[in-house]
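Two complexes are shown next, each including chain A; its partner changes from chain B in the first to chain C in the second.
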Partner chain A sequence: MADTRFPQATGTMGQPYRRYEALEKVNGSATYASDVKLAKTAHAYLLTSRIGRGVIRSLDLVEARAIPGVIEILTHQTVGESIRQTQALYTGGYVADSVRPLGSAEIAYWGQPIAMVLAESYEIAREAARKIGVSYDVSEPASSFDSAGVDMTALEPMNLGVGDFKAAYANAAVKIDARYSTPVQHHNAMELFATQCVWDGNRLTVYEPGQYLNNIKYGLAEQLGIDPELIRVVNPYVGGAFGAKGFLTQRTALVAIAARRIGRPVKLVATREQGFFLSAYRAETRHHVQLAADSTGRLIASSHEGWEVTSRADVLALGGNAITLRLYGCPNIEGRVNVAKTDRSTPGFMRGPGEVPYAFAFECALDELAYALKMDPVELRRVNDTKVEPIAGLPYTSRSLMQCFDAAGAAFGWAGKTAAPGSMRDGDWLLGWGCAAAFYPTQAGNSAARVRLSSDGRVHVSSAGHELGQGMYTMMAQVASEQLGVPIEHVTVSLGDTDLPPTIVAGGSAGTASLAPAIMSACDAIRRRLQTGGSPAADVMTAMRASGLGNIEEFAETRAHGLPPESVQGMYRGRVAMSGGVHLPDRVQLAFGAQFVEVRIHARTRELRVSRAVGAFAAGRIINPRTAHGQLVGGMIWGISSALHEQTEIDERNASYINANLADYLLPVNADIADVQAIMVPEEDNLVNAAGVKGVGEVGTVGMAAAIANAVYHATGKRLRDLPLRIEHVLEEV
Partner chain B sequence: MTDTRDICTSPSTPRRRFLIGSALTGAAPLIARSEPVAAAEPADTSDLRKPTSVDIHVNGRPFHLELDTRLTLLDALREEIGLTGAKKGCDHGQCGACTVLIDGRRELSCLTLAVSAQGRDVVTIEGLDGGGGDLHPMKQAFIDHDAFQCGYCTPGQILSAVSCVREGHAGSPEEIREYMSGNICRCAAYPNIVAAISQASEQMGE
Partner chain C sequence: MQPFHYSRPVSLAETIVSGTQKHSRNAEATATFLAGGTTLIDLMKLDVMRPSHVVDLNSSAREFSAIRFDGSTLRLGAFAKMATVADHPDVISHFPVIAQSLSLAASAQLRNMATLGGNLLQRTRCAYFRDPSWAACNKRSPGSGCAAIGGVNRQHAVLGTSKHCIATYHGDFAQALMALDAAIMLIGPDGARSMPFASLHLQPGNTPHLETSLRPGEIITEILVPDGPWTRRSRYVKVRDRQSYEFAVASVAVALALEGSMVTDVRIALGGLATTPWRAVDAEDLLRGRRLNEASATEAARTAFAGAVAQAHNAFKISVGQSAIVRALLETAAMEAHRG
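Now for the complex of A and B:
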């Protein structure tokens, strides 16, 4: 079989090289944060709140302190004001939630740290933590949308629209009016939330997995009230992140303070259960979608209103309808977003943050409209394909949506579909075919990089950037290799260290799109020094040898389209400044894709399986099709998981999570995953950024849950509008 | 609305006694074929904290350790011996990241107390190659098929995969999927893991 996974490319940027760090990873020698061995380490164990809201009345430390090997116990009484208040990342700060770590006796959410024990070993620290007696004054927490005391707010600044939706909808011939919901989900990267801190005089080194190490550095400096240049954060490998490691959690300042107080390195590895509360999560959402079309299928009116859960401390709203309502041509549009403030920790970004839940609702509604019109759902999308986004009339930098539908549809065999629900069957199995669009905003931030060329032809690239498994080392080596015309084996890359040139958060599918241009710019500067001008990169080494220089090192910084000049300074303070997507004044930048799935539902047991999935994605330049393929297939499997497996169950009595472990929080295992194909549709977009990269970390996940729900409808005639889709939901009324 | 509630996190005495009983039951077969375990007598908690002598062979090397009886084999490998290839993903036997080979079988080192590994042979990812200088075919297959992304679950996947082949459970992709379902990969490199094991299965000749 021809390997269609890897599109053809001529240069080094575009080849499916094996991972730069592959050997370290298979040998177990890649150093993750908790693998770093420091001398005389004290071990920390967190005690976390077992109520959802209230006040700590008393803490009894006597029995815990009496255990041999206990060094110190931090509580709000001993930390209090020593960690300064900082803003949440969403409001221009650094932290995941703005509740101060051990700042007071107030409990804002279940799982909030209330003490940290330091001991000679993990076992002793854990034992002591469990012997701390805690009494609380308990208040009733608001756990979710329907709780008493929940504060629901319409976020009017997020309203969007054009034309007159209400009038157009009222008069339309074919309409859909449906409500959908998506559950709480947790990233659950395999690597736990670990932190090690060691002080050398007034200098602090932090080992912590992060998608944005400079966020940790500058945020921690603000919390501790010290000069940021005294802090170094080191993390060459992240054991999965998916959005959970993009900001400062409660733990880091506590570990730093503990290490300073006891004069020893301190190591914390939070438990899996604690991780469900320590970092952010994907909050539950609700949606109301109304669509109207004329008899040819052209959209006349579309409305998408969303409800999201946030915390009382911080308002985070993702508002994915800012994209769903711009996917297709339509003259009358209305969008609104509401948030419910609850007594939970602050939610955050999880792979395809706003896009995954909003796409589920909107792309299901579109499927419902196709059935109402008796139209093929692919053709419905083709009829409504557009060259300009429908609200402000801005052009897309590139838009390959229908090319993706055609490529994936052909590979899937969509033409063989019979339209009627329940019309396809394979023995005891009901077959259902469904599809949906995928999309993700193309964003970028400011970035810097340093490149050194040596006279022996060796190249070294350095950046504070991040390797999460997306292949950043490999891709950055490819960029330098192509730009300087040196073999890839001659390029070395350093990442994951705040002493190196800063770059943006590895999130929002913006990491590669931000860092690659900075490396290209540094390589340009080297070529200019060698006066090779516009000549091919292969001339660089000839010029280098002729120059008689031992090394040339160039530093470059690049500013993303849409960001103001002053935002460059923010990069040197760990700020998150990103632009792109649907938030530019002059254009719209999106990566597109199409998801096709086959579900099989057993006629008697109703066992529900995704037997085949084909996705096609157009995301500009693919620097490494091999690592990109891994991202896309992984993303699609995340989508299957989101549709069928994942749900964090809320205990409404105390706003806690019932299934905060990897046995009860369902993730797909190998046996759950059958045939998953990702196709990369060639696309050139020289506008988005200098590298032409749109990013593939998230687009593969978006739309998958809708495609699966649409397939379930095709198999059964039953429209399921609430995720996850479980056997019991298919059992009813089939 | 506010009410007052006391929550005491200290374990009660009967519960503690039950835990000691369970630990002894678990250790019984080991006592029969190795040196007596120091904590064999019913004891108060201060004795449980007393270090116990353990001899373990890891990657062919003998280690004599004085360990807290509560220490897991995973933490003994990582914190005491300095082999950090085995990873902690859940500490509850739910994810497989800590998988090692004990007396040739794949086991979860987070569910194995270090003292119960007394006298046993442990192989970690660092010791899989066997010293000949060549990469183990399973490691090579994982590279060839890009069977990982973040790499955190990878040592456990590879050791589990080696066992899967040796157990004779790598006969088909379906069988591999079934017998590799104790190792979660959140990056979801599953299809590539199956392809890698299929390749290595032929090369391992077992």
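Now for the complex of A and C:
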């Protein structure tokens, strides 16, 4: 029966098939990494540093070792160089953080593992870890932007611009000059960071949730100094990732070494708190945006400078202004990016990594400009809509930004807005309406897939893709079903295993855009072997039966537009190669959206809630409107969370996180999420990739925080430029 | 979590014995009572509470889980679940502030597990208290200092603090009991006794590790709430950072007796703002005998915070707290309260 929550198949919309793995997830039989039961498993527990910077002077293991059931305790004295120092991801390697936790006595950040206890049970390991005596030589850490000892660097290669910003800005009639900031945030996927390692002779099997299993395989081989072909990484289900499980972390090598030393499988399930340090996170950012327009609202100058926190060990710079400054037509543009090196663990990618913080600043500044111009914010964007990006003049492959604004605005009822701040009210609640653009680069990487068609009409598709909850199984089954004309119920899928044909990281919203073309290509090859020529997919089975063959299996690899031929070899070595967005020589490819929200602020006590949110998104072909709808609505909810709730709080005295648990790190609960509507605007883009897919994993999150802050201004007349937005920011004195 | 001895006595007499036995043998080894476990087990896993002997009260104290209202006193068994009390028709109609304080607390799952007695004795959420790797916490280890002063203290108290501890008492239900002048019944090694609920919690002063006036081995068995002209016109306003499943930034329990708009009696208790359950006595005195309106409510709200001391990150709580008092008073005054 048709479900009215999302569009049904028409035009660029595919069939809203139900999730391939829905039953296993609902009945609990889906096996996540920590569910795998291995005989004679030893349980690991990490002891982590309680100082922000310094050196371990001594470790006293006597009491811990005396606890019955303790098998072994690893420390820097026993691990040291057994894990090799390798290149980090950001300098061309694999691992997401180049500090080796038990590599030396050096402490680089609070929460760094300093010992790993192996015991017969989790509880014994935990008790023993707490009995380890540690003494440190403590140095003062630089915890964030304003700390003493922070190392601030301008990243000149990331400068961008066109025209003469300074001159144009100086002479403009209407200007905005504002500074914004976004907080530290952690992904907090439901599934914890778990790793199980088991050796069989010199062969190692790793069960670990990941967004890029081949990155784990090849990176781990490098760290351990063994042949990658001896390593297999398996995980058919990932319990949420959002970027946190994107790349190899240092914990995996520790577990592998521990398992080798004691000759038993080792299982680590890090605690929620430890997860705040074991993997990446969204670091805090600061922004300075300057905009100038003529009296009709046309932008004549725009500048966006960003400051991002990174670790001492690794420089990560997301530079989302490479997109914000290309969103609208403007002749004079300037962009700069700076990083602050601090004594923290290395940040990384979190859903809309550069897009979310930079969009917050830029789309808020545009709203400020609209008010300064006394212009409707939607009209301001219409006036500055463009068919070519403004810096190099490259064409957009397709751009449906204003269609999104119109569709979402109509559904929201934007025309009923009264412009003056504080002019709308419902009883004790002040109402505010706001909007912002959403965008996300359309990217893709190289991919391989294998498809087998059997004479009984069954199809099997396999590729080392990742099911994070986004719908990878379903997409893979659906593409093969459509290409070969077999019912989807006859298609089975294998993924989440490095023994399968490689595909790219499940990140950058590029999973479907990368893998769907490879599956299509393998299906094409099957049709070619059956010589069905140009006949429709429905004839494939007839040809198969006529052929007398039992099975046809085809392997295909596809190379993404913009990637060099040698990048295909990289795919077979777990490298990250993704192209697209604003980084192509010939064109620009972005998915767009528009988001409208209504906020309510209690007139007295100032609780701030989002009562309504409508987003419209154009992202090329939508293979499955059901799973795409889930991504978009989920993304919008993430955006509400990002604007109103989430903030990892730092105690500057030791650069620690003091709310690293799910009770104190606020995420919205059901009652916070009222009416969230996602509309899919039909869009055809045959340039981006063979599947015409732009990807919907992240775009839903991108504009939300700005739309909410803009709505708060409309409700109260207060411009809030620092996230998250909390009661104290909208207070009025009694 | 360190290994501990567990017992589940079947009679109350046996419970009292096992609760005290350990004390007499070894002063260090404390016996700790287990009710719903939602505070205790949590803190044991975090290594904050390290009892050597856990005495599970769930078999022996079942008799103290009844809810009875005889028209003049509401008797709540200390082992009644938060959810049961919040949903009880007599509580909802005669003591709305109690029902609301419970249903706005924690989550449905926690309310199904947690008991009233355990709720009253919940420990602070101060992050430095909850993480024993912070050496400085006078509540955890007397004399060690206070990491929260000079740390991240947005959620800490502005009332009742001392230079030794600024931890908030976060419970909601306690505020309703404060406002309604409840009493509690106790049983312990020295027999049964009762005390005003207001005497249960101790302000930190220079002994923040001493949180209650319970004697070793004493169990809360019942909570008694007298009916009064103010109980039906009572309300709990909870201001928080998210809509549900969250502790208060500021909360207010109000009970009002009105003649027209004239205040004949008023009770105001504050949550999320103070180190203990907190009665705003001066604010009440200011309102009694006056008309309740925006101006008098605002004046009362200011009075309630006359002695407030803000830390680096929580000054806003004074302002939110004042607004919450005004809101709670005016909303309570507007209630359709019938005399029962």
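Assorted remarks:
The rule is simple: the second predicted complex is superposed on the first by the 718 of 734 C-alpha atoms of A that agree within 3 Å, B and C clash if a C-alpha of one lies under 4 Å from a C-alpha of the other, contacts with A are read in each partner's own complex, and residues count from 1 in each chain.
Please note the rule applied: a residue touches a chain if its C-beta (ideal position, glycine included) is under 8 Å from a C-beta of that chain, and two chains touch if they have at least 3 such contacts.
Note that the structure is predicted; figures quoted are calculated from it, not measured.
When the two structures are aligned on the shared chain, A:605 is found in touch with chain C, with no touch to chain B. Counting the residues of chain A that each partner touches, chain B and chain C differ, and the larger count belongs to B.
When the two structures are aligned on the shared chain, A:668 is found in touch with chain B and with chain C.
When both complexes are overlaid on chain A, the residue A:659 reaches chain C alone and has no touch with chain B.
Of the two partner chains placed by superposition, only chain C is touched by A:726; chain B is not. Judged by the touch definition given at the top, the superposed model places A:27 against chain B, while chain C stays out of reach. By the touch criterion defined above, A:239 lies against chain B but remains apart from chain C after alignment on the C-alpha atoms of chain A. By the touch criterion defined above, A:357 reaches neither chain B nor chain C. Look at A:140: by the touch rule set out above, it reaches chain B but stays clear of chain C.
Shared-chain residue A:630: touches chain B; no touch with chain C. Put simply, chain A uses residues 50, 123, 127, 130, 663, 668-672 to touch chain B in one complex and chain C in the other.
The residues of chain A lying in touch with chain B in their complex are 18-19, 21-32, 34-35, 37, 47, 50-51, 54, 57, 63, 67-69, 121-124, 127, 129-140, 187-192, 237-242, 269, 271-272, 468-471, 626-627, 629-631, 633-634, 637-638, 641, 661-663, 667-673, 676. Residues of chain B touching chain A in their complex: 1-11, 46, 49, 68, 70-71, 75, 78-79, 82-92, 94-95, 97, 124-126, 135, 139-140, 142-144, 146, 148-155, 158, 176-178, 180-194. Contact residues of chain A toward chain C in the complex are 50, 123, 126-127, 130, 602, 604-607, 609, 644-645, 649-651, 653, 658-659, 663-664, 666, 668-672, 726-728, 731, 733-734. On chain C, the positions that touch chain A within their shared complex are 1-3, 47, 107, 125, 127-128, 131, 133, 150-152, 154, 237, 239-246, 249-250, 298, 301-302, 316, 319-320, 322-324, 326-327.
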